[in-house]
Amino acid sequence: MPLLEVADLTYRYPDGTHALSGVSFAVERGEKVALLGPTGAGKSTLLLHLNGLLLPASGCVTIDGIAVSGGTVREVRQRVGLVFQDPDDQLFLPSLLEDVAFGPLNEGCDPEGAELLARGVLQSLGLGGNEMRAAHHLSGGEKRLAALATVLVSHPLVLVLDEPTSNLDARGKRRLVRLLRERGETLLVATHDLAVARALCERAVIMADGALVHDGQLEHIVTDQEFLDHHGLWAEL
Amino acid sequence: MSFRHLDQFAQVSSPITALAPALRVLGTVVVALGAATLRLGAWPQLATLAGLVLVLAAVARIPLRTLLLRMLGPLVFVLFASVALLFLVPGEVVARVWWIDLTDNGLLRFGSALGRAFTALAAAVILVSTTTFPEIVQALRELRLPHAVTTALGLAYRFLYVIVDELERLQRAARSRNAGAGAAKRRRLLVSVVAAVLRRALVRSERTHRAMLARGFHGEIISLHRSRVDARSIMLLALLGLVVGAVTLSSYLAR
Amino acid sequence: MAHIPDGFLSAPVIAGTALASAGALAIAARRSRDSLGGQEAPLLGATTAFVFAAQMLNFPLGAGVSAHLLGSVLVATLVGPWAGMLVIFAVVLVQALLFQDGGVAALGANTLNLAVIGVGGGYAIYRWVLALVGVGPRRVISAAAVAAYVSALLVGLAAAVELALSHTLPFETAVLAIVGSHALVGFFEAALTGALLGLVYRTQPGLVANQVAPSGAERGWAYALAGVSLLVAVFAAYAASSRPDAFEAAIQRLGIEDTALTHLAGPFADYAAPIGGPWVAAALGVALVFALGWSLARFMAHVGRRT
């Protein structure tokens, strides 16, 4: 059984425009998949369906065998760790420690336990010593790691990342990529950055105009210039 | 924007910082109330309370110069308001400055308002100099203020930094695009910048809400902090309350 | 700076306003939970932070004068009146504790003025005007601008009453000074509220809450209230003009007979009008106020569209 399954997912915005039409794909445990496509293709909208923040007009999302619905969002969100594009949206408490402990506390962990978990994760990501600092005192790269920490602390089965390396310098990118490669979670990364996709993933799912247009091995498409142009992708040479 | 310095204020540890934030806040309220409700013209009691506050500042390891500097801004406003009282309150004329009559009532109110405000102000400055914003939010939570308010304040801390950053960035961009524009145009630009910041803030709050939901939020922010209120702090607060209460009451009893 | 510092209010006023605002906030906490549900936390946080940031800004008015936004009505239109009270309370609270803008002991009074009266009263005026003119983007913005103006006046009046009750200032001085200055500041508040709301509305109309069209009953009440105000004004003018002794006695008791206020009122002292006497004069007065408010509101909406 795949860990993550999207079946014929369709979604319409409140004003009626189609955002997703009949998207279908599956991700097995341990796989690392890149979600590619130009801006406006519907990548972010798709990601919001994976933990029930958006519910489909038709079709189904299944996580670890659980169908995503209004009643199952709690279990789904314990299994899916969604890291958003803007770290400032995820670091909203006065200190990093509180931000990272937020998830465990919501799941019923006691304050001492939550604090211990938070410290541990921050330490493992190289942010030890920053526990009492507020996010605006961190560099862009550190903020991204902190945002990741807020999700990793809950031990999700699948990590979903929306543009994790945007606005990062080369050093920041390398640090983040290295970190993600070491981890064993199933990974779905939406990104513009083909180099990052190549560094992390073997498989690529490509979207355009709300539909899934390609699903295959990443290596096969990175050298096909025509293919890249056709799908609005840019490969860093 | 003059709020960022608050992050650096509460660095010095002292017997005051050892107290629970909730009790520091209560202590400030007690002193402010005591000072604000002193009988008019009770100069000895006023001096006593002012002296008490200065002693507390010393205990908090705040240098007098620093204390006065931090009080300066609000004190200027209070000074203006007090001087207004000097001229506006009717009563028996006791002196004449240029063309303005100074009344006995006016002098009484001027001195009382200024003195009481000074004392209460000093207490508030001691609080802000020894307590970080997150600690104040925690204190308000422990003091049972409405959840909606303490949660809003807790989130407002980060929002404020992000909003002000955006505000400054947009202002700079607008200014560089419109260098040399007249005052009216600059005012209109400022308004459109502020509106843009408002819009972004509201949209950002929706994204933040999603991020909160994604991590299991269901309506209330659970605090990581444990209450630091202990018997010793409560006794100290009670002592402070008794002293301040005695001084204030005595201003009404002694004639 | 509409915030009253410590030392200017008497103990009974401090206690009374603290109780009143505590009660109002308790109601607001319950009501806002009902209307916003779980959504409220980040929305209130962002709104609180915005008001805070906006109040730190200087809006130059020219000739070295600058003004600050109060924001009570703006907040009420964005998050509703109850949540709005909590937001403004949070702002006033932090300003008092951390910035010493407004006294700590005077917190009850400042909360009552800005959060309860400023937001609640302003919102009531907003709904009243909407009930009179109907909904639609321009009308919403105009209503908000008028409400912002009246809200500023009400805040000033409340502060003046508190200072007078504390015997800090004689009532007429307080009214002249504080309500007078707020009457001027109100124009800026109305303009800025209208402009900001207009710009937000244009791009994201869904953000402006409470777009519910007034019900027939609401409209009925609104017209009735307007009619009653007119009648009260006319009656007061009639009573004043036909019973000069009673009126003068009242003036003497209030202590305003020899102050600038009566000098200002000089031209209208006898409430005479070219045609019809005091009735017409009073009716004209009320109509004039409404007309001014209405044209102000339309101007604000116009400005809001242009920027």
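Quick notes on this structure:
When the chains are written out, they are named A, B and C in that same order, and each has its own residue count from 1.
Note that in this section a residue touches a chain if its C-beta (ideal position, glycine included) is under 8 Å from a C-beta of that chain, and two chains touch if they have at least 3 such contacts.
These figures come from a predicted structure and were not determined experimentally.
If you take subunit B and subunit C together, no chain is in touch with both. In terms of Cα centroid distance from the overall Cα mean, chain B ranks first. In this assembly, the C-alpha centroid of subunit B lies 24 Å from the C-alpha centroid of subunit C. Centre-to-centre separation between subunit A and subunit B, using Cα means, comes to 42 Å. In whole angstrom, the spacing between the mean C-alpha positions of subunit A and subunit C is 48.
Residue positions 92 of subunit A each touch two or more of the other chains.
Residue positions of subunit C with contacts to 2 or more other chains are 42, 45. In subunit B, the residues that touch at least two other chains are 133, 154-155, 157, 159, 204, 208, 212, 217-218, 221. Listed in rising order, the residues of subunit B touching subunit C in the complex are 1-3, 6, 25, 28-29, 32-33, 35-37, 71, 73-74, 77-78, 81, 84-85, 88-90, 109, 112-117, 120-121, 123-125, 127-128, 133, 136, 140, 146-149, 151-157, 159-160, 163-164, 167, 183, 186-188, 190-192, 194-199, 201-206, 208-209, 212, 217-221.
Note for the complex: subunit C touches subunit B at residues 1, 5-11, 14, 25-26, 29, 32-33, 37-50, 52-54, 56-57, 59-60, 62, 78, 83, 86-87, 89-90, 93-94, 96-101, 103-106, 168-170, 173, 177, 192, 195-196, 199-200, 203-204, 207, 307.
Considering their complex, residues 7, 132-134, 137, 154-155, 157-159, 161-162, 165, 204, 207-208, 210-218, 221-226 of subunit B touch subunit A. Residue ranges of subunit A in contact with subunit B, taken from their complex: 48, 51, 53, 73-74, 77-78, 82, 84, 86, 88-95, 97-98, 101-103, 105-107, 111, 114-115, 134-136, 150-151, 154.
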